[in-house]
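Next come two complexes, and both contain chain A; in the first it sits with chain B, in the second with chain C.
Entry: the complex of A and B
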């Protein structure tokens, strides 16, 4: 406001900036012997609370305090249109003083928030049962509750010109690798999209290879999982509107670890971790293996079993690959519909789909009962993974294996395995090796991958692809 | 191409390069020449292998090749890879794909090597890790034949004459192929990790146990007359074994061996491109693609089993030249220069 403007024209101007939105409150008010303009969104701020705060600040001003506007939740800035729009859009109260060209910002946004319940997709048996919600402050409080240390750092920035989405990244200064922190900051700042709506969209921009089927960020809604990863030197990213935290850099095996591993006994935790690793093999290879055996290598089956398999398969009018694809499609449809429907109906769909239609499809001679066993076993194996993203990845990558097996039998599976292995070796998460400790091969780290060792020990992410001195991330 | 190797990575590269393709086929020609004495002679050959490794370890710093020497080695490795690919293709045609066109199988195998070699050096270096759980499984399956072993097949010994002994030693050199990689990759090993002494002896023992046991299993399972008719004894041993859930274990093993061989090929291709980059500037990607196109085309000229056998037999002589003669000359020359 270079020139003095009348309060009325300022109010009109502000209304114009906010396009006369009906939830915008803009009123003139008396401030000692002067006039001021109060501005906020009624849906994001509570009016009664605003009055209380204004009374408090008015009293400070009338007492003649020099820093009358500086309280725990308020601050005074030079007026500018951008400060005004940013404050009001964030749910703050803006009080403009036209005569002095100042803007008093009171931070007291009010948002609807659900309670921090345990996330539906990351249940644990023992341990904490709270989860993140759609608000960063609440989420951060859950983390700070577990990590009462001054080294826990939060950095914030806004991305997306149209959405001004708040992104926060959290790390432990004394443990996190400073290069990785700088890299995350650089990548976030380089996001040029005008509209950043979801955390998944941010993940796309941050990933090293966006076309890889493998997730390079660990998604979690559990504060205990975030804390465990922060203590390993990783960085967690949050948006204001999502309960999901992104964690990086991670390796492939991180997706197979569950907080339950460390809540249970050593042997139990190790057993289930091994079981999960085995489930990766069955989820990917089992249908392909079955297709290869039926289509190419039926002589590997023992005679007694072979007779039954042949009897079952002979009645099916098409090749095993079509049988498998039909059943897989069926399973995916059940899964997708169960997610979209309310929980009780979703469960009913699962039972009707799995048992009734499954039985009918075999009786109708569309697929063999052996194929039903294989596909059901595969589906169960893929659900064992404690990460939803990795679960989806596994569900997708078994299709190329099935096609390779139907074209070349075991040869196709062997070649596919090598290609998958090479791909995993090439993938990186924030430039750090995704397939560590296989790249670089370090047998001493294998025990932590397959077994849950007693007493939680700090495992740092392998920093470089090559063997060398500076191989671990973090300042130690 | 800059990379650093740990001691384990280095020995793993060596082991897979040396054992890859030859592990299936060297036993028959070797036993055919020296008979029951094969196992005893192979122990002697093992000592020679260890001496060679010790000499390499002592002198690897003096092994510095010029552009001409590099081209010689590149040609040698090209020959090795082509011979390996032809042999794998032939074996797969016998055991698995009699009707699939040669070019399809070869292209797919070479495609995997191309993908690995277009990736970071660390990818090829660590590719062998996939085989670590598979090798013990192979041995466990072979051990299923234990009740059928005829222990008296190992005796009497000492029947071999000197000309057959020399021929046997020459044939056993198949198991040495790839040993020269020591000279090329040794300097990349972390200087903080010791190779000399016990680590080298442990590697030698792994190599010896691997090959010697395959000779022993063959001798114990087959009579000398039978061995003459069986080109891949390990495959036949596995074929004759059945376990509760699987009737034909050999069918699993053939693909395990194929993966093993593809990784060996990838390692030799990597070494070739690495040596090429020592004296060439840039165009790594283009050169790698051209090299792999050659790897697809050249095996197509080897039409029959006879062609493959001729190339394989000649490999031993090339090996002696490139693993013993050339290193000796280069090391002596460089030592003299340094003095």
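Entry: the complex of A and C
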């Protein structure tokens, strides 16, 4: 009778800890000749499975096994309130034995999981079409499937006092630079925040310079991309609840590589990689160049073209910078609205924005048709970049260039370019140079950065960053 | 150090800025300039496109002043926007104006870094206004017409390929004389056409011109062939007659200069473009054609040189090697005077390289 009272009070006590949450399952059950309390969240654990597992463990206990509670998914701990709350919050089943003061933990959480579909923002034509999902185990299995080696290491830690978010970092022990790995660990441990919700938040904490417009981590949802980068000695970070992996240390040119390059053929891959590099130039400089030409350096327009340009700009009441900003505003609005809307409506917005407004804005005399060409070309160029972050970066940094061009002409663009490149050379990703291999200069790696060199000729282990005299780095 | 660098960078922005801005819609693109008058009383005409309601029309504007720049400023009073000559295509100088030092008129063009020195320059016969509004229809945009006219003529070796930048180089050289395209209005049709080459002595137009065929020969003498250089003759041999057109494929020159004479040898490699007379596959006939052409061309080349000497204009540039390697001859005095009196003989040897498409 005394037992019963204590069990009842235990149940009440547990309910109190979890604030009477209605999805909490707390029931007393018979365990051989004693009583036990089963406790779990019904939304995170399948009840039928619990019964099966309990049956199994009961049988082990009645068989008199000493380690009756130790199976592949269960373990026995000494009872404490913190163990209890942690287990139950993680979606485990806790079975409490008040008499022996033990806690049996059964790990069988059930979460809703997407199938590993190809990520919408990183489509490829050839190559694998799977992508990460919102669960680290599934993601890691996708990586392990591709890298069947014992050197692939996962380290995990929990950050955020309120959210207890799992952060996992993955690397290949024999290739990754141990200093960089230690640095990542140190930085992760130093995150002092109560709430860590998204991977983007983690990125903020890890970045060398938060205010740089250039992303210092490569975000991807593609396992093949992660694997390729791991093999180059980089580190991938995952949270448990996000399909996005952060890859570092990266350099500027990593953002211009697509799995398509390596899935396709050599010449094709090289051509399109060069085209993407060129798109960096057009996406940043084209509107600035046009504004500078119209405002300052009209002498360089060939006469035949000049007549058409003048015909177009002659009746525009505004300065070219306002024309450009107006159109850019339009494009950004269309782009932003198309993202938020469901796909069929999004396409409609694209057509309405692109064709109808584009045409109407010219005939209304607000913007010259050359400016429409320039801005459209710029927008398309910025979409060529295979990485979303770099895409956004490029969209943003062309505005200072446009303003510089409208104030100082080509001279402004030249100074802007100077500042841009000085910045690019100073930025680092996990303390590794961002603009490598140009600074520090290493022409031997150009062929793999600007072109896609054939696999048959890649003899040396490829690494993004090299240290030491042998330029091999790490401790191979 | 860092502070100084910053100050330097910020100060450098003062070099250029919004105050230098010249919006493209606020300028008028002048593509053709004509200069006439005499020093101290320059009259200039400017042709430019005007833009209205989405269509292009062309107009001209006149100005006068002591200098070309003043004339331009004067013309500004009669145009909507400022005249900008940064996209200049063609510069015309009237025949009578060119007879005095032409550099006095064009000096302004070299003093603004924005000006286009790649424009063509030509001497026009007679009244300038008739070239800006020709009686015959040559298209609304006369500047494009003249620019294309001159470029085609350069391709066909009719006129020397020379732009405003090269004009100043040659103008100040003592050992070579300027020669410019010469344009006149054809009497019957009223269409402006390339008439040949205007010859200069020092900085002044001599009044002497070469016709079209002589112009081609002059350019061959200078070894400055365009894409095409064609000649036609009537070939006569043993009572037979046949028209003959040849094209110059290759051109070798060799000058033998001594203190009292210059002997020039030219070896022209030709391809036969027209020769209805059958038998060019025979070596004998080819030899006959070669001999005939050598004789004819020697005569014509000498004629051109004679004309140059009469005009005291060393447009070929015989003075260049003379100045470099023959100081005794060069030291005789003013080169154009020496050139005019120097016996110069030209010998042409013709080799028929190609006789038809297959050979």
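Everything that follows uses one rule, which is that the second predicted complex is superposed on the first by the 453 of 476 C-alpha atoms of A that agree within 3 Å, B and C clash if a C-alpha of one lies under 4 Å from a C-alpha of the other, contacts with A are read in each partner's own complex, and residues count from 1 in each chain.
Criterion: a residue touches a chain if its C-beta (ideal position, glycine included) is under 8 Å from a C-beta of that chain, and two chains touch if they have at least 3 such contacts.
From a predicted model like this one, the values you see are computed outputs, not experimental measurements.
**Student:** After lining both complexes up on chain A, report clash or fit for chain B versus chain C.
**Tutor:** clash
**Student:** Determine, under the contact definition given at the top, whether A:438 touches first (chain B), second (chain C), both, or neither.
**Tutor:** first
**Student:** One more residue to check, A:422. First (chain B), second (chain C), both or neither?
**Tutor:** first
**Student:** Would you sort A:235 into first (chain B), second (chain C), both or neither based on which partner it touches?
**Tutor:** neither
**Student:** Could you say whether A:248 touches chain B, chain C, both of them, or neither, answering first, second, both or neither?
**Tutor:** neither
**Student:** So, does A:314 touch the first partner chain B, the second partner chain C, both, or neither?
**Tutor:** The answer is second: A:314 touches chain C but not chain B.
**Student:** In the overlay, answer first, second, both or neither for which of chain B and chain C A:301 touches.
**Tutor:** Both partners.
**Student:** Look at A:409 in the shared chain and tell me whether it touches chain B only, chain C only, both, or neither; answer first, second, both or neither.
**Tutor:** Both partners, chain B and chain C.
**Student:** Which residues form the common part of the chain A surface touched by chain B and by chain C?
**Tutor:** Looking at chain A, the two contact sets intersect at 299, 301, 303, 306, 408-409, 411, 415.
**Student:** Per the contact definition, I'd like the list of chain A residues that touch chain C in the complex.
**Tutor:** Of all residues in chain A, those touching chain C are 293-296, 298-299, 301, 303-304, 306-307, 309-311, 313-316, 319-320, 406-409, 411-412, 415.
**Student:** What part of chain C is in contact with chain A in the complex they form?
**Tutor:** Residue positions touching the partner: 9, 12-13, 15-18, 20-25, 27, 29, 31, 49, 51, 53-56, 84, 86-87, 89, 114, 116, 143-144.
**Student:** Under the definition above, what is the set of chain A residues touching chain B in their complex?
**Tutor:** 297, 299-303, 305-306, 408-411, 413-415, 417-419, 421-422, 425-426, 433, 438-443, 465-468
**Student:** What part of chain B is in contact with chain A in the complex they form?
**Tutor:** Residues in contact with chain A: 3-6, 8-9, 12, 92, 96-97, 105, 108-109, 112, 115-116, 119-123, 125-127, 129-130, 190, 242, 244-248, 251-252, 255-256, 258-259, 262-263.
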